[in-house]
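Next come the structures, one after another.
Heads up, the next two complexes both have chain A, just with different partners, chain B and then chain C.
This part shows the complex of A and B:
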């Protein structure tokens, strides 16, 4: 009886993996902005970086159901490693990205064992604690990180020896966007693979997932490491394109911001992070123009309203753009709930 | 040495009063309320403002510092929190972080971002020597006040009718409702008292912990440590945890100042990994 079932699953996964019109348009617009919005490239660069960071959080929160309040830990480690690589080893940006990804993955591997223990609340606390400890280390090890003054003097060679960074941020944006695009496609492949499917079953019911033979712990460790690498790369991009790293990369508000970004866009379909990043940055840009000091108030208000109004309902419209074709074909498995199941 | 221990105990007592409201909402009502510090800040500001602007004596501001956050907590509980109780933890986290951001920005807007200073009455200033130990008067005052509060809370929770109602409502809201207990009223009252205590703690701690708009974010982690390390099934667990945390923090800052918060955070992670249900709690 196995082959027909296998075929159904394979067919469903291929169907999910097919590119929708909306997605193609999204990326065309993103790359078109390279040419049409030259004066906004610094902002767009930040959007791309935050988007990548949010995609990384989506991988663990939306697909594996791991709530994290300390995702900035990986972002910060990536940023510092990239900065230090550029300062002391080599100015080649891609080497810095790889080093940052490797360091963040290693940290993800080590901390994943802490995160596996306990339920939501313990995870929240442990992830938060890890980020705080790292922040404290970065603060104390000022001989290495520059402490509160930040890491200065990062000089980068042209990318692949040809593309020089310019002050308008055009190269930086193209660089970040390309990295984002490549990693996004990779993430897309991951989530529609059988591996991604098993993650979702763990998220929805880890007990049952274990009962049907999914190695729950190993899968969670794997996705946690992948997400850590993504966050590390995002941090590295920030360090390289701004040529500066401050303690801010490990701060609590960065973890909270990325959570907000992801929630604005919607959890569990990858594009949520990107959409959220665009909305969040534009909102921040707009609000801090209105009230420079107090824009946090409005961000807080947005969060409260989002939760009270029911964030699933609000993001359903955006989600429909990517999922509608699948629903029309019929016979597809029922949509997965987006909130991680509540543990009692 | 003993002075450090003494200061640590005072600090720990203060932390407990600040955090015990959270212990109830988080532990008993299973609600992740990261905005708890905002109520503490409200209490601190009530004291600071009424002392500095209206010249109210310090002791007289303390009941106010309890009442205002309690009413604030009650209003918010009835209007907003009520909708979020049954949501996922993620929703609760987002919601309460949103509240914290709003509180921080609002206080910054109305009060300015500078530290609020309060002038303690003269009979609470200075130190005396008892049995060869330097003892700060204000810190002994805190220990006495907080000690009374702890005893009172423990008695209410274990002996009074309200306490048993609360415990019943928490253990099984549906059955409690079936027995004629007005569960939502019990929760509202508990939330209000918890917020009020936090406000009182914020007022008492304004001198020791400092008070500025980032207070809720700065001390959020301390409150959470107290509750998660202490375990959430009783009030004695968080109490012991806050004493431990207070002493460890004061001693750590005194002996190894360069490590800063490092010791505490590491300790928390280790405790949580070894005993996810808390140090002093039974596994459920």
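This part shows the complex of A and C:
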């Protein structure tokens, strides 16, 4: 009597952790692009970086339900710390990454107490405020950051003493993509773990989450710090691969862009950030080639269409790729048309 | 003998309104105790004080003799005080499997695990299956909670609290809104809860109260009005007077 139920239950629980075919293909294509499209590596590097930044935002927004309009705060701090580390301490890129991650995590810890206090609107304003404050500090502290001129003179050693950065961006892209991949795997582990599940439960119903013994505040602080570290690393990658940091890393549009990326790709499944980054950057590249001055108009239009038409409908076809293997489960019926709530 | 749950002079004021008025209440070990009262008597406030959603204005709360007055809701759950909600508070996008897995792994100290999925721990799987069987959720374990029949959702509501392995279980109108056809299944699982769990039932439905409880407390205007055995309370003319104008469910 017991064994079949046990097996089914265990299988159903572990199912989410398994890699789907679509995912494997995604990463194979990503790494294959290292050997093709050499003239696009600078752009692909940017995509990898904004993708990592979006994964970071997805961790708090998509999984824990924390909205943020100031996620650039962590990105910017990571960028400056990586830049300053390279300039004053060591040119070893990985050391810069670690320093950036540590600084961003610390900032995440400190600001989490402000952010987690309120409801959505409060959070939007507080995150926005924190990013603006940091932006102004970076502007004023020009002795350290270079202010409006940007932080210059960043020189990096070869990665692990072996891989020299080249002008085509190939090493840079390989570096960013590898970091993205490693951190993505980590994030993927996190979101299907009990810890990740508890975040989803907090997002869905924090009252009940507390009622089954989940320390809501501590969990949110933890994921906020993790997301901050991710964003810091993304910022560090930008600083290292462009060997320059400008005030732009803390700018409001950076926080807005990454939110846009998530809206395009979809929240709450990690790949949304990556898909969104690809679409966003390619669109930006394509549109700014067509109309250098008005590309933002078209991006805006795409966004409006996306939200009105509902991304669900647009991506329904693509979705099938990620979720296919679950159909094999004999006993469990195919999730009946999951009647999505229709806006009226 | 120490009480499973005890309040001493518990009080909650909202401005000029006293929602809980100097309530000293004992829930004995292994009890099946019902708390009744007309609408607005302060039953919900009392539950929220017990579970720590609201801080009391005065008084103390003891769980098996230990003072929990200042503990957070989640800390009380870990000490063995779990509750269900009158209106379902579930995770609609999750499956019952995930809900129970979450509660069980949280209790067994795996809530911070981030490097593996829930199903890799045998003890957790075993316990999920056991709870699902007790609450007749085995056949719907892998469906979205939002898609479950209402009766099953009510069962999950109790199962999720039970998965915290409480010493004291607070049931807030467990059968509220459950259609007649699904009612029997629910009442039977409530009736067969293990005796080492002390249960406080907050209920409107007198049939359920009389069939389930061995003691009844009556709350009126935030204060304990009377307390006694089912026999005593059900024949008390004052209690009937309190309920005049209230429809006592048939």
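The rule is short, and it goes like this: the second predicted complex is superposed on the first by the 305 of 344 C-alpha atoms of A that agree within 3 Å, B and C clash if a C-alpha of one lies under 4 Å from a C-alpha of the other, contacts with A are read in each partner's own complex, and residues count from 1 in each chain.
In the analysis below, a residue touches a chain if its C-beta (ideal position, glycine included) is under 8 Å from a C-beta of that chain, and two chains touch if they have at least 3 such contacts.
Values in this document were obtained by computation on a predicted structure and should not be read as measured data.
Of the two partner chains placed by the overlay, only chain C lies in contact with A:193; chain B stays clear of it.
Shared-chain residue A:249: touches no atom of chain B or chain C. Look at A:277: by the touch rule set out above, it reaches neither chain B nor chain C.
Once chain A of one complex is fitted onto chain A of the other, the partner contacts of A:140 are limited to chain B, with no touch recorded for chain C.
Within the superposed three-chain model, A:64 lies out of touch with both chain B and chain C [touch as defined at top]. Of the two partner chains placed around the shared chain by superposition, neither chain B nor chain C is touched by A:84. Shared-chain residue A:214: touches chain C; no touch with chain B. No residue of chain A lies at the contact with chain B in one complex and also at the contact with chain C in the other. Those residues of chain A that touch chain B in the shared complex are 61, 67, 69, 113-114, 117-122, 124-126, 128-130, 132-133, 136-137, 139-140, 252-253, 256, 259-260, 263, 293-297, 299-304, 306-308, 311, 339-342. Interface residues of chain A, counted against chain C in their complex, comprise 2, 5-6, 8-14, 16-17, 189-190, 192-198, 200-201, 204-205, 207-208, 210-216, 219, 222, 329, 331-333, 335-336, 338.
On chain B, the positions that touch chain A within their shared complex are 26, 32, 80, 83-84, 87-91, 93-95, 97-106, 108-109, 217, 221, 224-225, 228, 258-262, 265-266, 268-269, 272-273, 276. Contact residues of chain C toward chain A in the complex are 51, 53, 72-74, 77-78, 82-83, 85, 89-95, 97-99, 101-103, 105-107, 110-120, 125-126, 128-129, 132-133, 138, 141-144, 147, 160-161, 163-164.
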